[in-house]
Amino acid sequence: MSPLELLSAAFLLAGAAFCLAGTVGVLRFPDVYCRLHALTKVDNLGLGLVVAGLALQSASWATALKLFLVWLFVLISSAFTCQLIARAALRRGAVPSGGRREP
Amino acid sequence: MTSVAALMVWPVILPLLGAVLALLVGRPGVRLVAGVASVATLMASSMLAWEVAHQGVLHQSIGGWGAPLGIEWRADGLAALMLLTIALVGPLISVHALDHFGDREDREFLPLWLFVWCALNALVLSADAFNLYVTLELTTLAAVALIAVRRDLPGLDAGLRYLLFALPGSLCYLLGIALLYGAHATLDVGTLAQRVQPGPVTWVAAGLVTVGLCLKTPLFPLHVWLPPTYTGAPTPVTALLSALISKGSFYVLLRLWLEVFAPVMDAQVGQLLGVLGAAAVLWGSALALNQTQLKRVVAYSSVAQIGYMFLVFPMATSGARAGAIYLVVSHAAAKASMFVAVGNIHQAVGITALGGVQGLAHRMPFTFLAMALGGISLIGIPPSGGFIAKWLLLNEAIGTRQWWWGLVLLVGSLMAAAYVFRILRGSFLPLPPGVTVRSIPLGNELAPLALALIALVLGLVPWFPLDLLAIGASR
Amino acid sequence: MTDVLLDGCLALCLPLLAWLVLRTESLSQAVVLFVAFGLLSALGWARLDAPDIALVEAAVGTGLTGALLMHTLSWTEETPPDVRARARRRPWALLATAALTLLLGWAVLALPADSPGLGPEVEARREDSGVKHPVTAVLLNFRGYDTLLEIAVLLVAALGARAVNPRSERASSDAAKDPLTGELFRMMTPALLLVAGYLVWVGDHGPGGAFQAGAILAGGGVVAILTSRMGTPRMSSLRVRWALLTGPLLFIGVGVAPLLSGRRLLELPEKLAGTLIFIVEMALTVTIAMVLLMFFPGTRPSRAGRGGER
Amino acid sequence: MHELRTGLACFLLLNILAGMVRVIRGPTLTDRFIVAQLFGTTGVGVLVLLAADAGRDALRDVALVFALLAPVTVVAFVRFAVGNEANGASAASDEEPRP
Amino acid sequence: MTNTWLPLSVLLSSLLPGLIIFLLAEEQRRTRTLLNLLAAVTKLVLTGVMAWGVYQGRQYETRLTFFPKADLVLRADSFSLLFITLSAVLWFVTTIYAVGYLEGTDHRSRFFGFFSLCVASTMGIALAGNLLTFFLFYEMLTLSTYPLVIHRGTPEALRAGNVYLRYTLTGATLLLAGVALLYSLAGAVEFTERGALSAVAAHRTELIVAFVLLIGGLGVKTALVPLHGWLPVAMVAPAPVSALLHAVAVVKAGAFGITRIIYDVYGVYLVHDLGVMQPLAMVAAVTILYGSVRALQQGDLKKRLAYSTVSQVAYIVLGVSIFGTASTIGGLVHLVHQGVMKITLFFCAGNYAEELHVHRVSELRGVGRRMPLTTAAFTVGALGMIGIPPVAGFITKWYLGIGALEAHQPWLVVVLLTSSLLNAGYFLPIVYSAWFQAPREEWKPSPRRWEIGLLLLLPTVATAVLSLAAGLFAGAELSPLGWTRLLTEREFRP
Amino acid sequence: MNPWALYALSGVALFSVGLVGLFSHQHVVKRILASNITGSGVLLVLVALARRMSSGPPDPVPHALVLTGIVVSVSSTALGVALARRMARLQAEATHLPEHEPRSDGEGP
């Protein structure tokens, strides 16, 4: 196994680990906002590392570019959507764990 | 050769084009476009029927690819007869609809009706199992949109009901087709007919196809959606549903069953379908007798009439096939005329109850003549298409030594007579005081009469449709 | 080994998830689960080497249908009373499901295990079809007639949907002020256009095509509609009708034109087939996007201000 | 390498399955929706992993489309959630009261 | 040389005017009457031409394609001419009567339209050349008489219509089953002298089943006990309708059909061989007695006449179901005789009701003084029914009696005599009280010159004269009796 | 077991779950979901059948059919949903709106 492949495998594994962490977070965290936080980990790092790992294996630049494009889209959309979800949750009256709801 | 085959294109393409153009021109020209498209389609259908009557079965491979790869069209006598029926009955119903709907729904009704027409013609001509699915779905969705086009609660409810029963029906059909494709790697009905073998795949596929199409048609006991849907839909749409749309799925079933499945299926399955048909006849008629709403009487009568059509399956002879198709055609005309007449009555006096017909026979003579002629055809009394159909079926029942189906036919006729005359006899009573009869346009009075006359003519010159039917009949 | 595990997992999860979708009491939960179900089925298509279908599933099955269902829930009851009542008392349902599965499974397993289907025939004639991608060849040439009728299905659905919900909420200044969705919309639009164009182009030789591209385009429009930036396209507008109907008219024209030279319906001349298919696909992309947009009849006004309906 | 990728895909799929627990447990609609988003991203991950196999390049396009259209559902969800807000009681009923 | 258009035009001569009359407005009284009479005269002339032609041995047949394997056939043979002539003459008379009777009432266009359709159907039944054609017109007859029965539009009329439909449609269903059974055995059975089924005579069971179904179906219209229930109820219809139903169209169509089945479909030898003749004769005998007994109990004049019809029509059936020439002649000739006599009686009943509003037998006391001609006509009819010479009814009973003895069934003579006694029992008191008893109160004098409008009086008198003539000139070659002898001899030619 | 058979069985199970669900639920949205699931099941069977050869590209014909099937299914879902929405609105109006409110479908499309 070449060093590049090793590196790629490491990235992939790390990405998977973040995904796992995110899932565990979504499962274990106490309230909506914390779970949202865990979700972003998957979006940013989990997918990012997987994409990076795969990009290392990719045969062409176009493929790598497309991979990063995918990640980019996920990043952008997660940035907005998490915000939107959080706002919706707040409006729906979800109270942060251990805190008070802002008036 | 090409020019003759090209004839097959127009009955499908013209209404489609008409629908698209009618959508495009919008409010001012929709009637004009639809009218031109209707006349053109009627002509195209008649020309095709003429060609079939003189040259026999016509084929066309769309795109020129040929059977396993491309889609095949096949126009035999049965298809030609169906095209003619649709082209004659449909526009007459839509004439009535023009007045029934206001200007607003007009723009939606006419394109949707043209889509239905296109879909039915495509269905009739298609010899490709999957293409049949698409046409069935197009018919269903256009029908749903038509049912709900008035945007009132009963219509919406009826539309949803229909949709949610028709959808699983199509899906069952599709799964059946998927299994057949999986086994024989073809979607062409003719090729399938050569390749099917008895076995679990064929049995289950046939079961799925049958159940699916019976759901859409519908056959007892899958008919539960029919009465509320037929009652809730706008009357012209009910007429379309009952006269033409429900016949589409029956047509597919008849085709597939007689051409593909019957040779490899156990005869008991045909008997089962027959038993369900018989149950539909008795149950539908009994319920029709118990209704107090005019439209529901006619709706339940559809359950019963569809039941008769299924008696073809246990007999499965060419005579029975002719009888069932004859019933399809004459029921289309007769039931359409009855529904349209019911619509007229509702328009004139605003009463939907059975008693609403009191005293109307003289105020609306054409409507009631149409009702009477349509009713006669439903009962199966000569001179009417319904009689010819029942006669053919009765003869086959005796000829195949299955007299019990004959008994069902006869008992069903008596029950039909009971509910038909229940409607008619009230019209001879004097007009109750306090009821005002609004006058309705002459066109609306004549439309049901024209429909009923079709049913009558079918009973007077049966040799023509029967000769046409014999063209390309497999057995 | 891992392949089998993956397939087994997916194959098992799909019915399980479907069952969950149907047994939950809350409709909104059911819809969320349904979106997840769409995702898993897209993975299934991916495993079955059906990228075209996975694309459509991603665009429509998950994206738009999910949004549509979610959008619908605004009008309907959250937890209808009958669902709660019926969810429990249904031992027969499980039994029926099992019996049906067994019966159908029996038939499926009786199928020949290694049939190439029509694959070889398609491969043999692919050269004549004018496109390189076999699925596109089947869709727009070998079985182009199906696709023509499918466009009619779309038109009918759009017409029906618009007929029952004829209102078209116009852009409201209120919503346009929301910086978050505004920014999202601004950033999404070029990407969507880019990807849509790419998908039409790629349809010639790989997975992609009018429907996928149209769905992507519609995605942007749906966001605009949902954030009140845009009204649902109205059938009364001539421009909308042209956008909607150019594709079908062109398709019918391309289908019928061969008749004039004595050929059959949709029998495209070999040399022109590729170009014609591309043009038709372009026009259909717009049609499909329009149709999909028409399925979203604006936002639901808050119930307090119901009377105005705006 | 193929084994690793499929293995990881499998692992991510199992993650999704684990997430299902949260969908069932809830407690609020928002929680469930968060999980749906998680599924989306994980699914994209699975798709890009599968796309690395020979001949499956098109799956990256699928991932791209998934990523692009994810906000549509979210916006619809938000409209739904906020739309219900004005309705008061019925919307709030979904949220679990804090202990 | 076969003439193809004459049978069709006989049919059309009442069908077309009927359809035109439907389109006429209620006020167009003159046009309607003119059209009616014109049609009736045309038909009489056409019938006369055809009768003469058939007598000369010409062929009249119209054949239209219907099914691939079955044609619609209209053919004039001597038996159908017997019926056609009766119908044409009586239709002419009844039309005049109906014009007078319905003067000034509502819905006359509808009435005369269906009236014409009804006659057209009767013509079709008479001319039908095969079983299928016969069935088609038989059903048409049911449909066109229904509106006549419920013509008054009262709840009572509607109820009667229901009963009528229930019976006739059930009958039609049985008939249809029978026709279909025979069709599957032997195709569209053409009516031929001495039967058309000899080729399939081996299928005894099927043939017997079909026979029972056919007779059951036709027996409803013939009002054979126990299928007679509709007839008395249908009396609510206007008098011309009752006259038409009971004297010409409906019951006769049934009797005519039974005759056709026995002689021209099965052939009398085959029927005899199948052993179904004797049971039929017994049913007829029972009907004769039952109808007479019930008539005796009726206080309402029209009801009494109705039950009398039940009994009288059964004579026809009795006649044709005894194996032998004489009885057949008796039965067939009664088809004509009973028609003429019974229509006279109904006209009289209509006259009484119309002029004096008398419906019950007990109210007829002394009516002879107020309406002598009508009562005279009634007397002729009644005497004929009882079978007193020289009225036509005597001929019938005479031949029937001889036939019964020829067939070695003397018990039938007992039945005939009993029935005659009963007939006398329910008719003679009426005649007696009409002529010889004083009225309860003095009748209002007639405002006209005659006792009743001429349009009502003339038909009544004319039919009474006809019944006398048929009896007096029975020996003539072209009298009903002469004609019947001719055709019976052909049937029994070995 | 072959992967195609796995998926085909899965599709069959989906079909059954959906079909039974369709007939055991009353609520429109639930039934629309169920019909979607039923449809997915059928399509899954079709696609699985296309993948029966272990090597080489899959049979493209079922893929094309499935694409058409998805479009049809989306269309019917959308139409059903549109109807359901209109119905819900009418029902809401019937219960929430006072008498004098104008009917809200004055405006054409």
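Letters A, B, C, D, E and F name the chains as they come in the text, with residue numbers starting at 1 for each one.
Just so it is clear, a contact is a pair of C-beta atoms (placed from the backbone, for glycine too) under 8 Å apart; a residue touches a chain by one contact, two chains touch by 3 or more.
None of the values given here were measured: they were computed from a predicted structure.
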So if I look at the partners of subunit B and the partners of subunit F, which chains show up in both lists?
C
Average the C-alpha coordinates of each chain, average all protein C-alpha coordinates together, and give the chain whose average is closest to the overall one.
B
Taking each chain's mean CA coordinate, subunit C and subunit E are separated, in whole Å, by 73
So how far apart, in whole Å, are subunit A and subunit C when each is placed at the average of its C-alpha atoms?
27
Roughly how far is subunit B from subunit D, centre to centre by C-alpha average, rounded to an integer in Å?
46
Distance in whole angstrom between the CA centres of subunit C and subunit D is 19
Two or more partner chains touched - positions in subunit A:
73, 77, 80, 84, 87
Residues within subunit C bordering two or more other chains:
3, 10, 47, 49, 52, 64, 68, 73, 77, 104, 108, 111-112, 115-118, 122, 142-143, 146, 150, 153, 156-157, 160, 163-164, 166, 181, 184, 188, 191, 235-236, 303
Throw together a list of every chain pair that touches.
A-C, A-D, B-C, B-E, B-F, C-D, C-F
Listed in rising order, the residues of subunit D that touch subunit C in the complex are 3, 6-7, 9-10, 13-14, 16-17, 20, 23-24, 26, 29, 32-33, 35-36, 39-40, 43, 46-47, 50, 55-59, 61-62, 64-66, 68-73, 75-77, 79-80, 83-87, 90-91, 93-94
Which residues of subunit B touch subunit F in their complex?
104, 130, 134, 137, 140-141, 144-145, 148, 151-153, 156-157, 159-160, 163-164, 167-168, 171-172, 174-175, 178-179, 181-182, 187
The subunit D residues in contact with subunit A across the complex are 1, 4-5, 8, 11-12, 15, 18-19, 21-22, 28-31, 33-35, 37-38, 41-42, 44-45, 48-49, 51-52, 57, 60-61, 63-64, 67-68, 70-71, 74-75, 77-78, 81-82, 84-85, 91-92, 94-95, 98
Going by the contact rule set out above, which residues of subunit F touch subunit C in the complex?
2-10, 12-21, 24-30, 32-34, 36-37, 40-41, 43-45, 47-54, 56-68, 70-72, 74-79, 81-86, 88-89, 92-93, 96-97, 101, 104-105, 107-109
In the complex with subunit D, residue positions of subunit C that touch it
1-3, 5-6, 9-10, 13, 17, 20, 26, 28-29, 32-33, 35-36, 39-40, 42-43, 46-47, 49, 51-52, 54-55, 58-59, 62-64, 66-68, 70-71, 73-74, 77-78, 181, 184, 188, 191-192, 195, 198-199, 202, 206-208, 212, 215-216, 219, 222-223, 226-227, 299-300, 302-305
